[in-house]
Amino acid sequence: MIHVLIFLPLVFGLAALVLPRQARTLGLVGAGAALVLGLVSFGAYLEGSSGAYQVPLLAEAGVYYAVAWDGVGAVLMLAVVVTTFLALLAAHDVPPAMVGLALLMESGLLGILAARDLVLFYVFFEATLIPSLLMLGLFGGVGRVRALVKFAIFTLVGSLLMLAGILAVRYLGGAPSFLLDDLVAHPLAGAAGMWAFAAFLIAFMVKTPLFPLHVWLPDFHAENHPSGLADAMGTLYKVGLFGLFRWALPLFPEAFLAFQPWLLALAALTALGAAWTAYAQTDWKRLLAYGALSHMGVGALGLFSGTPEGALGAIFLLAASAVYTGALFLFAGSLHRRFGTLDLRPTSGLAKSAPALAALGLILVLAMVGLPGLSGFPGEFMNLLGAWQASPVWTFVGFLAVIAAAAYALGAYQQIFHNAPDKPADDLDAFEWQWGALATLAIVFMGVYPKLFTTALQPAAEALAALLGGGR
Amino acid sequence: MTTLWILFLTALAATFVGFFAPARTAKVFTLLGLVAALVSLALGWGEPLSAYGGLYVLDPFAQGFTLVMIVGGLLALLADCDYFQRKGWPPFEYYALVAFAVLGGHVMASTAHLGVIVVGLELLSIPLYALAASRRDEASYEASLKYFLLGAVAAAVFLYGIALYFGATGGFVLGAAGSGPIYAAAVMLLLAGLAFKTALVPFHWWTPDVYQGSPAPVTLFMATAVKAAAFAAFARVLAAVGLEGPVFYALAALVLLTVFWGNLTAMVQGEAKRMLAYSSVAHAGYIAIALFGPDPAPAMGYYLLAYALSTGLAFAVLTQLDDGRGVRLGELAGLWGRSPLLGLGWTVALFSLAGLPPLVGFWGKYLVFLEAARGGQYLLVALALFAAVIAAYYYLKLLGAALFAKAEKAEKIVLSGSTPVGIALATLLVVLLGVLPGLGFGLFTAANAIVR
Amino acid sequence: MSYYLLLSALLFAIGLYGVLARRTAILIFMSIELMLNAANLAFVAFARTSGNLDGQVMALVVIALAAAEVAVGLGIIVAVFRARSSTSVDDLAELRG
Amino acid sequence: MIYLIAAIKGLVLILLLLFAFAYLTWGMRRGLARFQVRLGPNRVGPLGLLQPIADAVKAIFKEDISVAKADRFVYWLAPIISFTFALAAFAVIPLGPEGSLFGLDPWVADLDVGILYIFAVAELAVYGIFLSGWASGSKYSLMGGMRSAAGLVGYELALGVALLGPVLVVGSLSLRDIVDWQGQYGWLIVWQFPAFVVYFIAALAEMGRTPFDFVEAEQELVGGFSTEYNSMKFVAFYMAELLHWITASALIPTLFLGGWHAPFGLPEVPILWLFVKWLVFIFIVMWIWASWFRTRYDVMIRFAWGVLFPVALAWFLATAYWVASKGGAV
Amino acid sequence: MQATTEYINILIYLGIAAGIGVVMLAMGAMLGPKKPSPTKLMPYESGNDPAGEVHRLPVHFYVVAMLFIIFDVEVAFLWPYAVNAGKLGIAGFWAVTTFTLIVLAGFVYEWKKGVMKWD
């Protein structure tokens, strides 16, 4: 089943590319099937079936096709299938090829999450880049080439460094293969470990992203197709925290501890700085981009704390923010459909003419702000809780960022919905009702019943924390 | 043996078929011959074979490289269709010359005797001099002349190296022990001569002009088969003399210069064939990196196959666009719309060349880096990886020019004859071997050692 | 013996210099032939000192290769000359990036 | 000392050859005249015997004109090359057995690769023609030179391949070995008749006699490559031409007719028998010259490449098979 | 070093021959009268002023030259074989036959391409 889940979207994606006329149907069916399979897989995981499977891919070089769901992967997998489905549901007016590419991306993302072999992980990691680049390049706005080059160069520098690290970690560490368990059993210590960790770190910092390697992010979002589909998928692709959690930290515990103070500072500053910048934005997508960046900073703060709570919170936040940030980008798409612009300023006064739209927007924004009861809260809370044990000072900075989120998000919200009415707008259409309801359901469910997910995450988070020395 | 004879008879027959039948027949004949050679190669795969008193050694190493050369030849034949029809020149000699060149490359790869290597080298090069000129305009002649002069210099340097090698070791067979200044000079000259052929910086400077000026299908062949043959000899010589002392540092310097210079200069080119020429220079550097490993043959072979498929595919696409004056980046615009197959092939080829998984180019890069890492050359690997980022930039530029820019011309490109087959086949292989890397690499692991 | 070698090295060096310094295709080509003949001389000289006749055989092979190169090379040069009435390599500037 | 002897032998041989040349011009003119039922030169000296000397004096004192557009160095070099290499081949022809010349060997040099040497100098002779045509700066010369060179090379090749037959049979490249072999087993013309025919025809072309005297082709090319040559420069070419005749007439007997060995079991007299055979061939060539027509240029090139050369090659392979299956020379 | 002696002999012989040639030409050049005039120094063209440039590359001759070079070299390979044909036996014969046929293939090719067609 795990293979079906990973490759089903790929098949549908290719089909959608070949048959542009049926693209939308194929997209919905593919993403829907993936959603169902994902839910079933998650259920199965909770029942104790990880679907582990392993077969040599390149036996001579110790590369395996090895996949399995663990708690982290399963939770994030849910976020991926849910958000992809949402996105495809919402983006009903995109070029057909985009649907295909989105499905290809979904496939790659699921592969990233499931991979238990470092090279396989890398393959999925990079393979996902291709549709992402194509989506931006083919369907982006006027500045797309610039954005594309920025995005590609940052990503590729990071990933090629990681490739060097991958080679080093096995051959200097002496592991017999690239399987996660083998690699963890043969850690790479000393200076070589530091360097290799730095390589991994840079790659994942690009993808988290963390200051100062985030500069591709605003352009990436601002130039992508206005429907929000590409942005939602792009949000899912921000798997840096996951990569750190799954690979970088377990492989180099020693190096991580040496870097930890700096990393905490970096994470906190990213959170605050991004929040600050977000406040000054007048463009929906840029604002969301910086807002999401700020959240990733908070997540990173938790993860770098090295405590079980922090690690758990980071992944939870990653999953939750994937859903609500993705939804917010889709929401931005809805606004663009109505006003033909993503500028915040001319789109005032929606609350009067389109109350349901405004309500949807409010829920999403509140989730982002971290209102208790919605999906944003548990993650942020646990992150700060975990981080406090590692560094109260930086936790305070991170806390400020969380507060600031309320300021910029609500400020933007007010700008759009509650200023003097400017021009009338249609309320939610059928598409928006569907995805809006679904998104709200997911957000509320994660907010009120986080235990389902934390239970799944708990063992992995504790194992990591134990490996890192319990945060001390 | 069988492979050698099949290739030889194919070339010979292709020379004469054209007198009695239209050029198309010569093409079919050559294609069949190459396929037959491929089959005979497959039948004896992995089993070393030696003939003519050890002058001809078809060991797994040679088999791997021959495979790459035949693939290059097949691509060059399959993709040529429209090109020569547009030029109004259906030359049956084209097919015969390609067949002879493949034969030469095969000979070059399948021997450890320097004299035979040099004969193979000439048998490979001389048809190419003629092929490069085959468009019969000034650019083509210029490319041919430059290729010829440089090739002849390389051959002369190589030959002088052989002479000194003979003097130092008393024989022509690689692997004899030698020492002293004459031996050292011999080794340096041998490697320099082959560095010309493999186009390692600073011996590369003929490449861009020649690649740009030659007819596109010929460029395709040069970039694939010729490179493979040259590297076969390069690897054998290097394996025989050992990678120690000055040779080591010289090669390291060459590799670094090659990957950086090749990639950096590629960035500023405005013509697609020229860009890919520099890219091929850079790729030569990556291939050479494998030589630092303890067992370079499989990784090299696999990289060459990956590279031949990818770059061959890219040139095959360019072949359909080239009108003889090269392909400016602007002319690529709207490729996907004009011909989806070309667009797909182009995209896949460039992503593969850039080394993105899950395409075959990634595994090639991965394996050569792995090989060098196993040899302990981490710094080299790191630097080469860094150069790969630069490469990604211009591959994106090429891709962007084709996919993301507004089309100047809207008319559809109609592919005829064997072209769609060739492009589709290459695209399929690039993806398939990328998804199942073991499939391709398994072929080369049999070639686990260069027979000395 | 060493005189032969010295002479051959000298020839080779002159040829190489010619290749680098000359600007006419024909002269470059002649320089290349000089290099080949230097190699031949070395082959024969070594064959004589070591008593291994393979060197002589190789010289013969080299002659054949040189002839093949001459045939094709002159053809190309003639073609270039007819196309543009000059064999100076510097005039060949059709191909630029 | 040995070199001094060689030098003296060489000088004497050259002087003899030049003398032979001088009287060949006389003999040729007289002879041809007889064929054509007229008298030929008969005014200077008895029977016109002093005619060559008069010609020489006249040639020397003619005005020496060099064409303005000529490439001076090559223009002068060409006749010297022609002349030198026309003389060259004779040096290796053994006139008799070892020590038969007053205790000395009757040859200037005994090369173990004599045949190769002959082949080489025969080819070098083409250079003189080619260079003169190229250097003269005249269209006729150029055309003539090119034609001659292009035509001659085909015959050179046939000549070379024809020589392979005797070499195969004898198993040596030395002219002395070939002559000795013939002394032992009989003349090679018996064993190698096709090779002899090819060689003879090719030699005719090489010496520029009918039916292959296209080198000059007076009617078409006003003298061909030598159009722009006069006085002694022209004489040098003329000498070269006749010296080829002289040399070939000695070479053919050496290679195919037993060399200095006596024919038909007659008593062996060194040098004499070769001289007789030589005279015979001089005459045969003259005879052909007098009685044959000139072939068209393209026909004769096609003849060299399309008939002579393949025949020679086929004969070579046949001989090779014979020798190989016997496992060695006779 | 008997062989070397013989080669030196040949060189001496050729030297004498060339020397005589040079002397002859020099005599002609020095002893003849010298009255040059532009007309005399003109290349021959049936008494007319020469028309056009002389130097050009006659491709047809070049192709014949190419043929010659190829076969000349082939013959160069046949010499050593011819001397040792007996020792090499039937195997050697077949090798040399193959070789000859390959080179002949090139010959046939050129012939078919019309090298021998003169206009």
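By written order: A, B, C, D and E. Residues from 1 in each chain.
Methods note: a contact is a pair of C-beta atoms (placed from the backbone, for glycine too) under 8 Å apart; a residue touches a chain by one contact, two chains touch by 3 or more.
Per UniProt, the chains are A = NADH dehydrogenase subunit M; B = NADH-quinone oxidoreductase subunit N; C = NADH-quinone oxidoreductase subunit K; D = NADH-quinone oxidoreductase subunit H; E = NADH-quinone oxidoreductase subunit A.
Computed from a predicted model, the values in this text were never measured in an experiment.
Looking at chain C and chain E, the chains that touch each of them are B.
The minimal number of chain-to-chain contact steps leading from chain B to chain D is 2.
Among the chains in view, B has its Cα centre nearest the centre of the complete protein Cα set.
Of all the chains, the one whose CA centre sits at the greatest distance from that of chain C is A. Among the remaining chains, the Cα-based centre furthest from that of chain D is the centre of A.
Contact counts per chain pair peak at D-E.
Mean C-alpha positions place chain A (NADH dehydrogenase subunit M) and chain D at a centre distance of 94 Å.
Centre-to-centre separation between chain A (NADH dehydrogenase subunit M) and chain B, using Cα means, comes to 41 Å.
Centres computed as Cα averages put chain B at a distance of 25 Å from chain C. Shared interface positions of chain A (NADH dehydrogenase subunit M), i.e. residues touching 2 or more other chains, are not present. For chain E, the set of residues that touch two or more other chains comprises 72. Counting partner chains per residue, chain D shows two or more touched chains at no residue at all. Contact between chains, per the stated criterion, is found for A-B, B-C, B-E, C-E, D-E. Within the complex, the chain C residues that touch chain B are 5, 8, 12, 15, 19, 25, 28-29, 32, 35-36, 38-40, 42-43, 45-47, 49-50, 52, 54-55, 57-58, 61-62, 65, 68-69, 72-73, 75-77, 79-80, 83-84, 89, 92, 94-95, 97. Within the complex, the chain D residues that touch chain E are 2-3, 6-7, 10-11, 13-14, 18, 59-69, 76, 79-80, 83-84, 87-88, 91-92, 108-112, 115-117, 119, 123, 136-142, 146-147, 149-150, 153-154, 156-157, 160-161, 164, 167-168, 171-173, 222, 227-228, 231-233, 235-236, 297-298, 301-302, 305-306, 309, 313, 316-317, 320-321, 323-329. Those residues of chain B that touch chain C in the complex are listed here as 115, 118-119, 122, 126, 129-130, 133, 136-139, 141-146, 148-149, 152-153, 155-157, 159-160, 162-164, 166-167, 170-172, 208-209, 212-213, 268-271, 274. The part of chain A (NADH dehydrogenase subunit M) that touches chain B in the complex is made up of residues 56-61, 63, 119, 122-124, 126-127, 129-130, 133-134, 137-138, 144-145, 148-149, 152-153, 156-157, 160-161, 163-164, 167-168, 171-172.
Interface residues of chain B facing chain A (NADH dehydrogenase subunit M) in the complex, by the touch rule stated above, are 298, 347, 351, 354, 356-358, 362-363, 366-367, 369-370, 373-374, 378, 381-382, 385-386, 388-389, 392-393, 396-397, 399-400, 403-404, 436-438, 441-442, 445.
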